[in-house]
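Chains here go by letter, A, B, C and D, matching the order in which they are written, and residues are numbered from 1 within each.
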């Protein structure tokens, strides 16, 4: 698999697509999200796997996203994503509130090719009350009354994430973040940025293989050094907490967010094109 | 976690238990199965994950098992397990024929703590017709008639397997054989043999962690060098095909099987006790 | 060496959580999991580890290391299997039936104040035998008679699958026990009175006669908290460590699961 | 260098499988999976790889290496996702409706002759757009009018979820195409006649006018089969390689997925 540029990777995503992406602490694709904002996409529907943070807040604030299904939009100690909260207050984002294991389960359903999967719990939560598309059935294996939730499969159009490395066949190393494997299995297409390309076939190495997502799931790869920023990447680098904290402050207002975009997102375009 | 002897590990298993074990090409616990036969256990119910081979054939031939749920009992090119086939013909084993993904799915259901999970396919197979405990329901998410299979969770009493290594905290490295992780997650107890104990905590190493099963699932560990034999172990050693072929020949008759046990299983006891 | 700094309110909360975990009348605590954004429970668990208690501790909020190899779903699978004995939840609102609201206030999905979201609460609250609720802010806007929205219910109908309920609610002013249907005031922190608790609480609760003062952390516990426990937490909760213990994370510290 | 050895019947089967995979009228073949105990399909796929065709090949019967990192369920998940274009199945019995029996004969579960078991057939046959059936032994005991037991059904009711059916059945005597409801004789191997096929077949099938001879493997294909393809297969199918090509696996050879 030959790599393409970050902007070419972003160009694969289409308006209105259903996009799955990981939270800030799990191989978040910061550089790719910046490129998506620069593309000026519209109508994206986001899925936090199972929550989201900076990446979703940016896409929502920039007007790229019209909906988000997630168990939270959190900047960690910096609280709720500010543009997400503002969009909720303004009614400009459709929020499909979920709970973490529902999203894992819905992606596992797509991974297995089944239309739904059951999950314990959730009954009695208002999260359920606002999801008329979910079903509660009587457990057919129980002798007594035993209601149980069925959630429909989520099949994203695109899974996007940033990983440590890929090999020349497009196999991608995500380490222990197996939820990214499930996300990639469930999605129709996976677009991946990596720190670097490595020689050889990682799937041939019994030690490395367990942390690999097979290239069969990967549509295209771009090299983006430090591409998780401002999020961190496994044991390679830490999150830039100061930056996220500054973002949280700036993004409290529309104007502050615009300044942020001009400086950190659109500014990057000129830099990378130079 | 301190390791115990192979015989002490085998002593944890109780008559009548539901035992999950992998096929011959996936960390099969040969030495532990020999020890179980030496214990003279009775009434075991086996689950091949998702098929089984030498290990099950031995336990069936030795009279330890009364039932087996599996997608196959196969010695590879050497064909159907001969003691299994003989027990089927004699009606001395209860066979719950399944198909591979049903067993994976049923263990995933137990892993998630749900009572059942759906699976596509299988409708129209006589495998389904002989499993009255399975349910076919109308997919509640479909507009049209769409029957779909639900299989009940399988929660083994014991998962048994042989792995490359464990660390001092009982974390076990199984590499890419993730079905063993699912099996261990689903089971109430996991009993594991390993080639060796390694220093440190494998879960602290981002490179090793993806191939590790956390010690939270592991009840006890015994060191058994070459403990998969006559099966092979990942990239460490190959299966002893000549031995399995000889076993397949010997086990065609009750007498040949008895001789085999005397020589290769009970004979080992004297050897290891010496 | 005696530490003369006054006991911070967070240290009272941590000590209270420790007492609840060790409660001999509660189901066993062999494996405790701590979710995201939970510095007080995390500190309580680290304190127990540093005191040498034999318990398995799974902390979610770690970018590297950590107890899991199966990705983000392993915590929920573990809980589904019944392998997690204690979990901790908080909420933007908590009400008299132990319902928690992590979604927001105003119209759904939170047009007045939007909280981050429900995370795994709607599952974990029901899958875990013991849940300890914690919330540093004890005010009438947090402890309400009825939450605007239920992220996870405190009480379920008998036919609904559920392994346990809230054991207690620990706040910046007091500890409430939950008896399955209602909160009962169990102890009040120094500086608080029955009246100060009452005037800052909008949820109903029972006040028994003779409510004791909350037992403060011991000198040994304080020393552990301010030293080795803080060391462990600097990497994942730098703001909390700065606020409570005045410590700055100098170098990135990502200590491993222990 | 010309190889004067006669063409083995297995080599005819392999060549026939190759032609079926390349059939331009069939759905695309981008990703082919080969299950356990399937040396003929494996050889056909290796032959295509060695000829430089751009296809992804996932072989199950490998102890090390291989295409998967998600354990034994990844093949089935891939098929469930619709990512496997072709799979291969065999059977102890195959019948006129393309039902396959991998369970056994006599009373369930096979008290007369017990086969190993159904493996993944009951799922894969329905999840895969194209299934190529293969069975070297072409006899009236294998190709029966009705199988004793159905491991996986050849035909499903219209409301039943199914992505495809059998494309063809390749035997040691001939190739049958399957048109969705019945088998049609497509070609017969050298040395066979319509009569020899008929007298060894207990299942019904259609015989069109002018049944051609099966196209033999080309000289180039034979050379690849007997050389590099055999090299790849020695590690996983030593008995097959010995029987067909007279080659012995000297050292353990576990070549990797390519």
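Just so we're on the same page, a contact is a pair of C-beta atoms (placed from the backbone, for glycine too) under 8 Å apart; a residue touches a chain by one contact, two chains touch by 3 or more.
Please read these numbers as outputs of a predicted model, since none were measured by experiment.
If you take chain A and chain C together, the chains in touch with both are B. If you compare B-C with B-D, the chain pair joined by more contacting C-beta pairs is B-D.
Across the assembly, the mean Cα position most removed from that of chain D is the one of C.
Between chain C and chain D, the centres computed from C-alpha atoms are 59 Å apart. Centroid to centroid, with C-alpha atoms defining each point, chain A and chain D lie 40 Å apart. The geometric centre of chain B is 28 Å away from that of chain D, both derived from CA atoms. Counting partner chains per residue, chain C shows two or more touched chains at residues 64, 66, 68-70, 76, 80, 127. Annotation for chain A: residues 108, 112-114, 119-120, 146, 148, 176, 178, 181, 206, 209-211, 234-235 touch two or more other chains. Working note: touching chain pairs come out as A-B, A-C, A-D, B-C, B-D.
Contact residues of chain C toward chain B in the complex are 31, 56, 58, 64-70, 74, 76-83, 127, 256-257. By the touch criterion stated above, chain B contacts chain A in their complex at residues 105, 108, 112-120, 133, 135, 137, 139-142, 146, 148, 150, 152, 175-176, 178, 206-211, 234-235.
Taken together, the chain B residues at the contact with chain D in this complex read 25-26, 49-51, 70-74, 76-77, 79-81, 84-85, 88-89, 91, 95, 97-102, 104, 108, 119-128, 130, 144-148, 176-182, 232, 234-235, 238-239, 241. Within the complex formed with chain A, the chain C residues making contact are 36-37, 61, 63-64, 66, 68-73, 76, 80, 102-104, 108-127, 149-153, 156-157, 159-162, 237-240, 252, 254.
Chain B makes touch with chain C in their complex at residues 110-114, 181, 185-186, 201, 203-204, 206, 209-214, 216-217.
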